[in-house]
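Structures follow.
Shared between the two complexes below is chain A, which has chain B as its partner in the first and chain C in the second.
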Partner chain A sequence: MAMNRRDFLRTSAMAAVASVAEGKALASSTLESSEVTWHKSVCRFCGTGCGVMLGIRDKKLVALRGDPKHPTTKGLVCAKSLFLPKIVHAPDRLKHPMIRKNGKFVQASWDEAMKLIGDRFADSIRKHGPDSVAYYGSGQALSEESYLANRIFKGGIGTNNVEGNPRLCMASAVGGYVSTFGKDEPMGCYDDIDHAKVFFLVGSNTAECHPVIFDQILARKEAHNDVLVIVCDPRKSPVTSIADIHLDPVPGYDLAVFHAMAHVIVKEKKYDADFIAKQCQFKIVENGRPKKVDFEGYVKFLDQYSPEQAELISGVPAQKIVEAARLFANGPTMTFWTMGLNQRTRGVWANNLMHNLHLITGQIGKPGMTPFSLTGQPNACGGVRDTGSLCHILPYGRSVKKAKHRAEMEKIWGAKPGTIKPKPGKNTIEMFRALGRNEIKAMLILTTNPGQSLPNLTPYRDAMGKARPGKPFIVVLDIFPTRTTELADVILPAAMWSEKLGVFGMSERRYQYQPALVTPPGEARPDLEILLDFAGLLEERGVIPKGYVSSKLKTCDDVWNEMRHASKNTAYDFMGMTRDRLKKERGIRWPAPTIDHPGTARRFVKGEDPILDHGPYADDSLNEGDIKFYAAKDYRATVWLRPALGPAEPVDKEYPYILSTGRVLEHWHTGTMTMRAPELKRAYPEAYIEINPVDAKKLGLRNRDMVRITSRRGEALIKARITGMPRVGMVFVPWCWEDTNSLINRVTIDAYDPGSKQPEFKICAVKLAKA
Partner chain B sequence: MQAQPKTEGGILFEERVGQETSSRRDPRKDVDASTKPSYVVVGVLCRVFPPLMGEVCECIDSLPGMESFSLGERGRVGVLIEAGSFDQAHQRLQEELLQVEGVQAAWPISTQWE
Partner chain C sequence: MKARIPIAFLGILVIGCAASGGDALLPATQKSQSKPVVQKKRTKASKLVVPTKQGKVVSKKDRKGKVQVTKRKPGPFEGNAFPPTLSDLPYHQKGWKKNDCLRCHETGVGKAPEVHHKGMPKRLLTAKCRSCHVRIPGSKAKVIKKDPKGFLGNAFPPMIPNSPSHKGVWGNNRCLLCHDSGIRGAPIVKHKEMPRILLKAKCRSCHVQVRVIDVKKEGH
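For the complex of A and B:
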């Protein structure tokens, strides 16, 4: 009997692989067993958003496979998703509410914990005003959860102190898209990979952070000899193994390289004059104000960034810059980037320069031609960016600064006119600083781990956890104990992934539905239910209007329906994405304004983007294939003339090395989930610092020596790994380890981009010594 | 050098902040049966350097708990990993399959356990 069962499992596994290889759906007769039911879902790690099928038997997860019917990921999944079921069932899941009493956590009932939370928030709002409370959310929360939290805080309580961890990872990409095109989010999609001939991978370790996307690039390169890859990264990550050209600028000095590429494109007349004339405008900031210039002004600006000059600034050989520029211009080119560009004090500018290259060569809105910012979290896009769950924005492209937008959202939410404040709330860093000054008196933290992930961590850990008179009240919802739950006053156990239903919106604007399939452990509950209860408690205590949430929203489906309506007639319009459709289909890319609309592959293109056909942005004068940047001022995308300034903290004699942080394949973010799988933990059992052999020799360091890494803010003690991966003068530390010695964010800098408010995790000055 | 954080009842606390937990339960006693399988089978899609297809398959078949199967396509091969635990299956994937010369990538498409 056992043998038969095992033969069946073997056959199933082989058939699943064959079906993915052939790009066909599985024949149900081959695989279905009466005991196991299969359900379509989505991986909850990175923004690639791989489609998965989950096998359930006796209400338990017993199998996971890639979904070959998924239109973009086509059945592939990486090793992280393989361990998701195991992580769900990990033994140390949080199972009961806990309240800190006399410095110790004690188990509490839901009623007791929620009553305490309601009392403390209401008390703070009554005594100190709405801005004395704050919400810090996550790109891992479901879209409905982020939307509801935003609704409660901005439209109910009346504070814009709503932030989330995408401020730490995606804010500069948002700033780049908005300042160039007028609206956030990529215009292209993953289908473009199948058409591109040049891939420009910038500050992105795609191989380890978005492995399934990397495989698609690799597959395309292997199948076509003329597909070429340019990598721009100061560190040799696994991505550089497929690079035809590797540009390795000194960290923080790559803006000169991008301008120099534009310089070559212009000098060699490889630009698209017609596209520029019809679709672009050029701007420079002078005396703090944007000023229009003409194309000649742009050309003149680029004169200071010849390849030779860029070599002096960045260390990248001029000839390589010339070759990269020529390849880029030949195209079709698809550019991918992630944190190497975003986590910078010049993050928005770096993003602008990516768009510049695409705009001047007219490589946008056509198959295989697009700038594309990849997201590290599964729902930074759909959950936080699109729902407007940051301190300065409102759902679906609206801004708190615009009276019309505030009025629209107040009407949709049923909020009293004037409740939404016109002034942005505190951005993440300022929010935690205000917490340290006891100005913010109560904070709700949901599905994220700022006690490990904030830069310059020590003062912010103190802000959350250090006992002092008037210490703020901290509530943390999570699935596991973390470096943040240890600082909380109340810990609420949350359901995770397949235990709750809702929508994830991944990098290419695709919204995907995740069903609830298994029961959460102990007393853990879906975050959305907890937020609904929280709103009810605030209604009861009179700090938000009676019925503001409770009379309208009772279920996750109610929230989704309101979200659809909030998107209507905006550039995001997804009115056509009903729950029923999402349950059946493998995700839909917005805009999808009507129930029969299939979703949009490329935005801003007549014939593809329905926003150009109906609603406020419709334009019947356009022909099929014409591009219109309908959200941009004068309908023209902006080519920005940004100065190539360096990082906030350049190296000096005292702190001569550049520290950069990042990720490894097996671990995800702070390791809260992936460290629960011993197999993944063993892959990287302890923290390491990558040091170039040239530097190691100078410092007298050998492999596995303990290294003291010191910045102006703090220090970490981590074992050396001597490798040629980082360039000379640079060191690299993944940030997934949580033990105190390895907390590399005690060393990183909290200086942030003045536009996006995103901190410069990627660059700070450190000194190194053998410990 | 600061002290290593202690863990107690699954909740970390840091001496510097001076907080601790009273949770004395051993959460590991609460292990769900579904996380402790006795048999795990993983179907893997491997991307292989095409000139080395033959050698790669031979090498995979010589490894314990692994079996290659043809997908009728140059550059890709299927592999079945059988193991007594997730741990062993992952170890075989990472430390054996991915180390075979010519294997460029390995995607664990399907995992089932009992």
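For the complex of A and C:
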């Protein structure tokens, strides 16, 4: 066979590309090697929950490809996922427990490390009470791990100081869903992408942060001429490449745009009067208390937000707002949003206004019509939100403030009545502030990197690591050395993703099973085993009741079964999701109360949502397709009248630029994992700051000039990239690099939403100078 | 010029030769550029040469008159005291006169050895490869049949070179303008047997662009 170089190039490119799909093309001879076995699993990165197939040879992960049989992601995966094999087997994985002695880390045995942890936690609890210890978890931990940690701290030790990094990314979405619909989590699903004709992408760089979702939107748009995309983002992120309308408000002033869209919908009578009459109520907060108003009151409220007025506030041309509102009302509309709305001091309000638009147009609970908050982590939903692993909530929609809910969980956990405290614990920012004041004496940090990811980083890094009298004792479980492990007193090496079994719950309420297929390196162990040992040590030392954990939970399966029972007769009911089912099926969407229930595509819809058929929320008076917001007060969703307030730190003469942070496709969050794949690292090896050419000219900056970014809290030194992506007056920096100069979170602000307690990563005032 | 090469050989074995970072295709004298090149002339020990950043010869005799060579940490470009050579493989024969070496060697596509000119002055990076590199007619590449790191061949998506032809189109999903038709000599991409939805996907979802080539190579 004759072949020239070009043919060779074609052949090799085809072979390599084909390997990410079915593996039947040229690559098949290698990929289908008899030595390699393929196993169904789920991706480790964002909340999309892509189904993946893992190629295992000799207990080593040697390849990954998309799972074409996966019902929602259909074989799609992104570049990050494809490099997971190299990340799992990266040479610098943590392999042994380490204890800090005389300022240096020394390798230790598991027994020595765990004994030290048990002693320090028990000592702190005995001397200073249960609230002197805290747990800071992660939306990347498995559901069973988060649930168990929550159980140990709230029901065993008796402290609500249980938090997790979803506080930094999802809390405002939780606040939005709960305050509007009564219960957390989206009611729609990814199937709605195949039915929507209008996509409203708000504060979401879907193309880079959720590429598989974006690919599906793109595929739908390319296949149907009548599918339109509205993008609302102050930055021309890659999603704007498919936008039919791009609304670019000044960061922090978009609430006026959403009200103006509602204004147009109402004025042009494009609202669904019947749906509003049956399903909605209107509320405004006056003197700190919610007060009901009628539809006319809402219309009157909207009068102050005409498109022209919104243009003055937000900078978005009125005509664009009118066009966007008309498209939205025509629908079927699916709205996606992420951190652009959530990471704000008005994050809950912004979420409420998204729901308002869907409620007044009746676009909920029907195919292609849903407000959908995308999740940045693989298990923020299933692992932290659903298991109640935050300081104010308990598993499956329960609240620490409600005596009935506390009693229910104490019974399920076998805790002594009264153990769970009625007062919420400290939220993430307050928890780290308390750490800095030495009020919290011991903290367990699991699968997350607050030493890089917290806003206004400097004081919180000091809180964790600065030597001082009475410095708190910090334990970190992780898979790689990070900017947090360097601050720890004890580092425990954890098993990663494919090295341990458990459940991930992604954005559309789909719970998926992840098998343990690979041997962890060195002495690394699954987090759940470490937590079980930790509980045992506390039992031995008498700070939690003897047998509270050890007599009931011995394996991950035991924990899962208890979780299923904790969900029974709640709005989350997944009693039907047995381990066997999860192992066989490609995820199940809750509610799924019985073993033969296929899972629920759309909540609150009679005929689809089993919660309306059985249990405490059952209603036989409804007809097929009827909607009932069974968790909301009076069974009506709330349209909130929220004032369009701006950010916590507006620009001024001294700090004239707005800094916004985000991500790039090739790196994920703090880069702990993706920087371990050489190819991904080379794609974006160093941090950069995007500056609009108009601002760059004013500042005398050119491409690759080093820029000093200074806020009232700190500074960073990062290379300039002159581009028209951010609007004039705004700069953008991804936060994935860990070198000290690139730590942009030294600059960001830790002001947080009063409702959700989520910090305003997206907006702060900075000044720029050529370094 | 065309050569008769079996696909399997090209696709799986020959291109696999570079899995460890590129030494395999190079003659023995040019392997492992990160190590100092010590050229011994066996006749006279005093002529032991260790190139340094400053270009000095560093050798000395001990008390017994034996020559001691001090191995210093190599300078950024120390290993390339002589122009690197390339094997006379079919794809080099035709591609040689073009300046598109980095299409493969920057990206590792087809398992071509990735080139890391760490420390080389930027100006040189824009020069034609042939300015420095020499092809040795008749030379052969060493073939490594198995990826020594244990990952499956073709398990990862191909890298995309940061070549001038890609400037400005990255992120715009316009890759297929050239790669569907082969216009301007672009390799035609046919994602055979890939699920349809993948064909609609944005290329960047899977493909990773290499933006710089002078980043230190990682350990795997």
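In this text, the second predicted complex is superposed on the first by the 738 of 771 C-alpha atoms of A that agree within 3 Å, B and C clash if a C-alpha of one lies under 4 Å from a C-alpha of the other, contacts with A are read in each partner's own complex, and residues count from 1 in each chain.
Basically, a contact is a pair of C-beta atoms (placed from the backbone, for glycine too) under 8 Å apart; a residue touches a chain by one contact, two chains touch by 3 or more.
Please read all numbers here as calculations on a predicted model, not as lab measurements.
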First (chain B), second (chain C), both or neither touched by A:Phe105: first
Which superposed partner A:Val728 touches (first chain B, second chain C, both, neither): neither
Touched partner set for A:Pro238, first chain B, second chain C, both or neither: second
Partner chain(s) touched by A:Leu487 [first = chain B, second = chain C, both, neither]: first
Touching partner for A:Val299 - first (chain B), second (chain C), both, neither: neither
First (chain B), second (chain C), both or neither touched by A:Lys74: second
First (chain B), second (chain C), both or neither touched by A:Tyr684: second
Touching partner for A:Gln216 - first (chain B), second (chain C), both, neither: second
Overlapping contact positions on chain A, where the chain C interface meets the chain B interface: 5-6, 9-10, 12-14, 16-18, 20-22, 55, 60, 62-66, 75-79, 82-83, 85-86, 89-91, 211-212, 215, 218-219, 222, 678-680, 683
Complex contact set, residues of chain C against chain A: 1-8, 10-12, 15, 90-95, 103-104, 108-111, 150-159, 171-173, 185, 187-195, 197-198, 200-202, 204-213, 215, 217-220
Touch list for chain A against partner chain C, complex: 1-6, 8-22, 24-27, 29-31, 33, 36, 55, 57, 60, 62-66, 68, 74-79, 82-83, 85-86, 89-91, 207, 211-212, 214-216, 218-219, 222-223, 238, 241, 665-666, 676, 678-685
Chain A residues touching chain B - in the complex, by the definition given at the top: 5-6, 9-10, 12-14, 16-18, 20-22, 55, 60-66, 75-79, 82-83, 85-86, 89-95, 98, 100, 103-107, 211-212, 215, 218-219, 222, 461-462, 465-467, 480-483, 485-487, 491, 521, 677-680, 683, 717, 738-741, 771
Contact footprint of chain A on chain B as seen in their complex: 1-5, 7, 10-14, 17-23, 27-35, 39, 41-45, 47, 69, 71, 73, 75-76, 78-80, 82, 86-87, 90-91, 93-94, 104-105, 107-114
